[in-house]
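So, here come the structures, one by one.
Each of the next two complexes has chain A plus one more chain, namely chain B in the first and chain C in the second.
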Partner chain A sequence: MDVSPLAPDILFHLGPVPISRAVVTTWVIMAALTLASWFGTRRMSVHAGGFQAVLEIIVETLETQIKEVIRRDPWPYLPVLGTLFLFLVAANLSAVIPGAKPPTAHIETPAALAVIVFLSVHYFGLRSLGAADYLRRYIKPNPMLLPLNILSEITRTFSLMIRLFGNIMSHEFVLAIVVFLAGLFLPIPFMLLGILIGIIQAYIFTILAAVFIGAAVSGEAD
Partner chain B sequence: MQIDWWTLALQAINFIILVWLLRRFLYAPIRDVIARRRAQSDEVLVKAAEKEAEAEALKQSLEEERAAMAQERRQMLKEVQDQAADARDKAMTKAHDDARNMIDEARQALVKEREETLRGMKQEIGALAASMAAEILTKTDTGALANACLEQLGAKLTALGEPERAQLRDDAAKGSTGKTSGGGIHVATAEPIPPGDQGRWCTMLSGHLGNLDDFGGVVFETDPELIGGAELRFPHTVLKFSWADRLERARRMLQSDDAAS
Partner chain C sequence: MEGSIEMLSIIGAAIAVSFGAIGPALGEGRAIAAAMDAIARQPEAAGTVSRTLFVGLAMIETMAIYCLVIALLLLYANPFVG
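Let's turn to the complex of A and B:
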């Protein structure tokens, strides 16, 4: 029986829990990001060194982007949205490492991130507006729209997941087909294109998450 | 397509753990250092603003001090100019007063000197006039002068009142008491009276004083100092009709006029 390329690639089991390649890759990415962060911020100084300056530029750029979208203090949202962007960039670009497969090419990882975003939207919305005001948004402008609003919440999360998964997965398939048909060197432009696609998809996923969170917290007093 | 829910759950947990890790090792430290940098920047800005304010205050103070110094300089200059003007006015006033006093003193000295000169000249003129008159009179006809003197003497005795003539008689009578010759009346002339004229003198005297024998007669004397005319000398009274007496009175009159002026 042929194994589906979309099926999770289980490497081993921890008790009853199967550990897939995507999870292992995610652990590696987590370790790399954490080590890089620790290395860059272990001796923080007002007069920043080279790597600290790079990290500051990345964080301040994320802060600026989130602030422009949400239009309020970005620091409460930066850990979720910033981590989302950094993880997605690292995960999508992991394809350039020989033997590695991007975790986002399997549906579980985009689905997990979409669920996180879905929960974060409601968490920040409830925290900003309170339960009554936040839930009242679903019956505006008319209570008849309540089902549509609920459906909208689900579908936009689903589209968020599918968009990321589809782009990365399709790129992997295209790359595999091109390698199969044309040999070793021809896929290089496609790999470069994959870098661009990975960064763009990370940006789109993060910006959409920021837009959803911003819409949820709108009405919060500045 | 199948979904591995374990993988989905692990990936969700992994992401939450990654959020915590990056928050711990990335976002929080960078946020702290950015805050510290902003605080330091704000502190530097505050210090710069304080320094600027101090500099502005110092500049203002210096400008005020410079203005005060300029004002003080102008005031001192004005005071010095006023003092100089006062000193100049005082010096000018004193110089004018001194000059006026000197002019007054010079004028007074000049007037005094002129008066002294005039007085001396008048004295000299008087003395010279008396001397010239005496010289002229000594060269004139003594007889005519004697006659004129006799007439003047007669007019004088006529002009005297009886009491004065009585006193003259008493004086002459007392002068002649106890004398054998040379009575109490002496007639002195510059030139000797000729004997012919001595009778006329006696007649005139007796006409006014009575009998001359009561006085021991009349004694005629010669006194060249008289220049001209005669003196009627009683023991205690002298009636002067001589030119020397007149010239002396004229000289004294000139001197008295000078003294009065």
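Let's turn to the complex of A and C:
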């Protein structure tokens, strides 16, 4: 509890590069997700086996959810948004493994994910509308609003980062305080609440990213 | 005075979180009450209502989270403490 949540938690040095705990957890999650996906899609068949059926259910659920938000063909956006959601669920729930700490409880992982969302919003917007039409939405409805439109791009990315970081980190804090105050069984309901918070925050992050992308590709000012 | 900045920072952090949580709490209560009302009237729209509710709650909650971040900055990354 005496470790600042704003400072990285350095585990070891790889040459001159410090490796923090969040980076190690992130790489383990990435390897696990990649291996699971590779294993599930290695021998795909029309009559899906157990694991392939599970993966298909996940992908189809993500597809319908994103389709309801974006209201157009979700397949161009499904890879980035689906990967984001699966990674966030795994990262937020990594607290249930003893000894692991969720990487999203330190500020650098949410910051990196928010930058990914920020860049992909502009990428999809430019690709679907073209540069002139895409840039024109910044001077809608009035060129006077250009500074405000640019400011809103920055603040919404910032709030995306702070929301994820704040929720997961504050939950870790509450858990640490409860463990410190009262022993063995009292923290268990809080841990269960943490599972709920982790899934809801992953969902909200993905839905908001989908909303931003949907607003960018449809050319409406949000 | 020795240590007065630290003391004031702790008081400031407590005030930031306690008063900053009031507004979002009232807002979230109203939002959930309205969503419950909507679901009770139109149970078939429960999916859309609850998805919008979650996104809206996240937006409201962000205000409280900002206060929490200010409190943490005061406690852990205070620019006035050497």
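Quick note on the criterion: the second predicted complex is superposed on the first by the 213 of 222 C-alpha atoms of A that agree within 3 Å, B and C clash if a C-alpha of one lies under 4 Å from a C-alpha of the other, contacts with A are read in each partner's own complex, and residues count from 1 in each chain.
Operating definition for what follows: a contact is a pair of C-beta atoms (placed from the backbone, for glycine too) under 8 Å apart; a residue touches a chain by one contact, two chains touch by 3 or more.
Fair warning: this is a prediction, and the values are worked out from it, not measured in the lab.
When the shared chain is aligned, chain B comes close enough to touch A:23, but chain C does not.
In the superposition on chain A, A:204 contacts chain C only, with no contact to chain B.
By the touch criterion stated above, A:55 is placed in contact with chain B alone, chain C being left untouched. Of the two partner chains placed around the shared chain by superposition, chain C is the only one that A:170 touches, whereas chain B remains out of contact. By the touch criterion defined above, A:87 reaches chain B but does not reach chain C.
Shared contact residues on chain A (touching chain B in one structure, chain C in the other): 4, 6-7.
Across the complex, chain A is touched by residues 1-12, 14-23, 25-27, 29-34, 36-37, 40 of chain B. Chain A meets chain B in the complex at residues 4, 6-8, 10, 17-20, 22-23, 26-27, 30, 33-34, 37-38, 40-41, 44-46, 48, 52, 55-56, 59-60, 75, 78-80, 82-84, 86-87, 103, 106-109, 111-113, 115-116.
Those residues of chain C whose C-beta lies close enough to touch chain A in the complex are 48, 51, 54-55, 58, 61-62, 65-66, 68-69, 72-73, 76-77. Residues of chain A that touch chain C in their complex: 4-7, 68, 159, 162-163, 166-167, 170, 200-201, 203-204, 207-208, 211.
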